[in-house]
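Structures incoming, each one as structure tokens.
Here chain A shows up in two complexes: once beside chain B, once beside chain C.
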Partner chain A sequence: MKFVRAGALLVVVVMTVVLFIGAGALPAIYNPQSPASTHVSDRYIEKSVEETGSLNFVTAVLADYRGYDTLGETTVIFTAGLAAVVLLRSAQKADSRGKKVPLAKAGKGMSERFGTIVLNTAARFVIPFVTLYGVYVLVGGGEGNPGGGFQSGAVLAIAIIISRLVYGEGAAFNISGDLALILAGIGTFIYAFVGVLTLLWGGNFLEYGIAPFLMSAAEKHSLGISGIEIGVTLCVMATIIAIFDALARKEEVS
Partner chain B sequence: MKEQLPALIVIVPLLIALLSPLVAYFSTRLLRGLGLTAAAVSFVSAVGALGHALTKGPWHYYFGNWAPPWGIEYVIDPLSGLMAVLVSFLSLVVLIYTDSFLREEGWLKQGIHYALYLLLTAGLLGMTVTGDVFNLYVFLEISSLSAYGLIASGGYKATVSAFRYVLVGTVGASFYLLGVGYLYAITGSLNMADLTVRLQPLLDSQAVLIAMVLILVGMGIKMALFPLHGWLPDAYTYSPPAAIPFIAGVMTKVMAYVLLRYFFFIFGVLNGFVPLVLEVVGWIAALGIILASVMAIAQSDFRRMLAFSSVAQVGYIGLGLSLGNMFGFIGAVFHIINHAIMKCCLFLVAGGVKWKTGEHLIEKYAEMSRRMPLTMGAFLLGAFSMVGIPPTAGFFSKWYLILGAIEKDLWIYVVVIILSSLLNAIYFFRVIEQAYLKKAPVAEREKFVEDKKPELPATMLVPIVVLGACILVVGILNEPLVSNILLMAFPGGGL
Partner chain C sequence: MRELFTEHLIYWLILFLFMLGPYGMIFKKNLVKKLMSMNIMQVAVILFFLALGQKTGGTIPINLPGLIGAEHYINPLPHTLMLTAIVVSLATLGVSLGLLLTVQKRYGTLEEDELLRRMNQ
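Moving on, here comes the complex of A and B:
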């Protein structure tokens, strides 16, 4: 064991040295003449407002120029949710030696209500505001402002998790783990379906400008970006809830 | 819709995967139908795209109609088209096979299984056809995560081996991403064709060397190149039989394809530090071939033996990559195809035997040839191909690897290939001896002589027989395959 640890330390030291030397070979971060600042970014910075209708050029790159990557990332979140649910639920069956050990002993507390008056009252006040803020992050600022689907989904999920923690599994404001998995799939599907629509209208996948609406190109792009942001929100929210549910649950998967 | 074929290869399985939990809730039969349809559409699209690439040249598809390097493009050239056909074909075949294992499960388990399986398919296909190095990373994540989930669904020991795979695999993916970060910092581009041009003046720089090593180590972990293979034996041994034939057959091969893409197309095998790095890869691969083959001999579990044999076979692909010449390239790509088909077939056989008898130990295979004649026939073809006996496919890829080694005067590699073929013969002969020559104990014998049921359900038997036949067909049709597709796939497009 000692030998292995010494080997691991050696690898870490060598990697650190190599990466430090390597960092010296790279252009400086804020250098305006570096390749990263001169090749593709000029168009993103100068043209994104007229080409994509987005005031924020990070959003323009993320949701439009490289929108297909973001579909992939949203799918990654959904996949991670599925994989986490499988891992957590089957981990309850056995440890490495094949002995039966319930993983989530603490889960018992999480599926029943806490039920103190302080918590109940506080939750009743907090949950509506958290929900409202989540929706505001999505639609209030629009995709022109910082924020968007990923953040909004996380905030909305928090509202539901608070409700679930305080009022227990029977809470009225709750989404069950199974339903959350289905919703996460539907959320990502909404994103992909925007792409399918553009295919059906005769364009390339996710070519927002092809939409047969009486709008300027920039407005069509804005509309497309709003559509995919809704999908992202739903996917992120539902995936977080599904993973939380898998962590907190005590019974076996059917 | 014909001009959308490159996108459909990936999009169709992705769409169905996203809806799988929903559809499973209403009807698992409908889900199975949709899943098979998606895999079939993907396969047909891949064949169409490959045909286009072979007759009319590389096919570029711009997502969102943004021209590269600003947007993301898919590029179907003969190499990526061929890989897409291979991946989607095996996905379809294994999906037909899985039904018997899943039928008894609840809707949620089936829904999750189909979702993860189709996501794995979409992820691997996305990696093969993309022309963008970051898009490749995104689909690498999709395929890796879904593979972790599929392996973990085997329960018990599978969960632990899947968790180890998660840790090691994440390190591998991070190395790859770091390498891409270096390339972006010095070129400002993520598009493969654009990178190729912009890297030309920089190939002697330290930054490129580091990027190259990071990508090599990252993908080396993912493809289980010796000595980075630690996660593989447990993951392959304990994962459920409904998923492992596809994972074992295709996943490491797609990672090997990525390395071929980088070293032969983006960096160029003769430039800068590349020959040096490739030489190191060659020696490591040669060592791995021998050591993993010896390890395979020591195994008593059939699946574990196949897993170590996978590490050895990935070494062959690494060897072909390291040769850096045309024969090496043809040998490596040919071996990717062969090994994908035969390893998939052998794991289908292992799953079939498990389904029939509940056994994975080689010593329990006695007289299996009488109990399951067709399955064992396919196994025999797969074993011959692994050893490299003509006219099975395995002989021809080894032949090209040997030609490549001779061209570079590396006779030691020729010795390694022949020696490891002998080792392969030893460990496969043990199984053949059990299945064809040994007599089963009397008690067991009475059981299966009474048994009048067919050896396996048709949905399991047909995939096994089809892949067994494929091993022969690819071997017999090796000449047209090499001269019409593999030569076209070589950078520069043939002679």
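Moving on, here comes the complex of A and C:
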């Protein structure tokens, strides 16, 4: 055991030294001529506004140039949420067999446990603003503000998690774990459906310019980007809520 | 010497952060600490990519009126890649926490030695 640990330490030290030496050969930070910021990045910056109608380059790359990649990421997130929920639910079913959890005890929020007016008031003030900010981040994503579907989904999920934490499972502003999973599926479906629509119209997968609408190409791209951003937002928000629900429910029941 | 600090110091700091990950995953006995080490490693990778995207004289990658030309904006590609990586790391964190909860429920411990002992019984 001692030898194994010594060997592992040796591996870590050697790896550190090798990486440190290798880092010296990397291009200097802030250098505009470094390989990372010369080839494809210039093309994105110069052409994306006229090609996609999105003022935010990050959104243009995320949802248009690399749209297929992002579909994969969204599916990974959905699958991970599904896996976490299945894992926790099956374990929970196995050990709560036979004994019944009193409903009054399950799913109490902090305000019932501690009963403070401070918590309730703070949550009541914070939740609307967080929700509004989440929607703003989504809408602003393509309109020249920082933002987009992934960030918006995370912020909206935070609003619901605050509500869940303070008011418990019976909160009025809440999405239950089951509904969240369904919403995550719907979000992923919206994304894939936009791609399939472009296929049906005779284009390539996620080729927005093929849409038979009376618009300029940039506007069509803009529309397609909005569609998949909504799908991504739904998927990310619902997945985070589903994972939180699965983790928190476990704690509340036992 | 000055060039060394301004050009490569950030990489070495990020590497130090990165190597905390393998170190923690190998030498810490608690599974939650191993998970935290993995997350530190992910953060280091994200920082590394963002550092590669910086440019002198560049502003945020959003089209501003009157600013035309690639030299005025930082590279949007690393931001895009890391945006998805952050959310994916959150999802993997959820799955691994679920796994840890299941292990804890079944064996009653998250310490590696104790866990191995109880698994062999």
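FYI, the second predicted complex is superposed on the first by the 212 of 254 C-alpha atoms of A that agree within 3 Å, B and C clash if a C-alpha of one lies under 4 Å from a C-alpha of the other, contacts with A are read in each partner's own complex, and residues count from 1 in each chain.
Quick note on the criterion: a residue touches a chain if its C-beta (ideal position, glycine included) is under 8 Å from a C-beta of that chain, and two chains touch if they have at least 3 such contacts.
Predicted model only: the values in this text are computed from it and were never measured.
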Open item on the list: Touch test for A:Tyr44: chain B only (first), chain C only (second), both, or neither?
Closed with: both
TODO: With the two complexes superposed on chain A, say which partner A:Gly185 touches: chain B (first), chain C (second), both, or neither.
DONE: first
Open item on the list: Just to be sure I read the superposition right, which of the two partners does A:Ala80 touch: chain B = first, chain C = second, or both, or neither?
Closed with: both
TODO: Examine A:Gly209 and indicate which partner it touches, taking first as chain B and second as chain C; both and neither are also allowed.
DONE: first
- [ ] Determine, under the contact definition given at the top, whether A:Arg66 touches first (chain B), second (chain C), both, or neither.
- [x] both
TODO: Report for A:Ser34: first if it touches chain B alone, second if chain C alone, otherwise both or neither.
DONE: both
- [ ] State whether A:Leu26 touches chain B only (first), chain C only (second), both chains, or neither.
- [x] both
Task: Where chain A meets both chain C and chain B, residue numbers - done: 19, 24, 26, 34, 36-37, 40-41, 44, 66, 69, 73, 76, 80, 83, 87, 91, 95
Task: Sites on chain A touched by chain B in the complex - done: 18-19, 21-22, 24-27, 34-41, 43-44, 64-69, 72-73, 75-76, 78-80, 82-83, 85-87, 90-91, 93-96, 98, 178, 181-182, 184-186, 188-189, 192-193, 195-196, 199, 203-210, 253-254
Open item on the list: For a test of understanding, state which residues of chain A touch chain C in their complex under the given definition.
Closed with: 5, 8-9, 12, 15-16, 19-20, 23-24, 26, 28-32, 34, 36-37, 40-42, 44-46, 49, 55-58, 60-62, 66, 69-70, 73, 76-77, 80-81, 83-84, 87-88, 91, 95, 144-146, 148, 150-151, 153-154, 236, 239-240, 243, 246-247, 250
TODO: Flag every residue of chain B that touches chain A in the complex, lowest number first.
DONE: 1, 4, 7, 11, 14-15, 17-22, 25, 61-66, 69-72, 106-109, 111-112, 115-116, 119, 122, 126, 134-135, 138-139, 141-142, 145-146, 148-149, 152-160, 162-163, 166, 182, 184-189, 198, 205-207, 210, 213
Task: Residues of chain C that touch chain A when the two form their complex - done: 3, 6-8, 10-12, 15-16, 18-19, 22-23, 26-27, 51-58, 60-63, 68-71, 73-80, 83-84, 86-88, 90-92, 94-95, 97-99, 101-102, 105-106
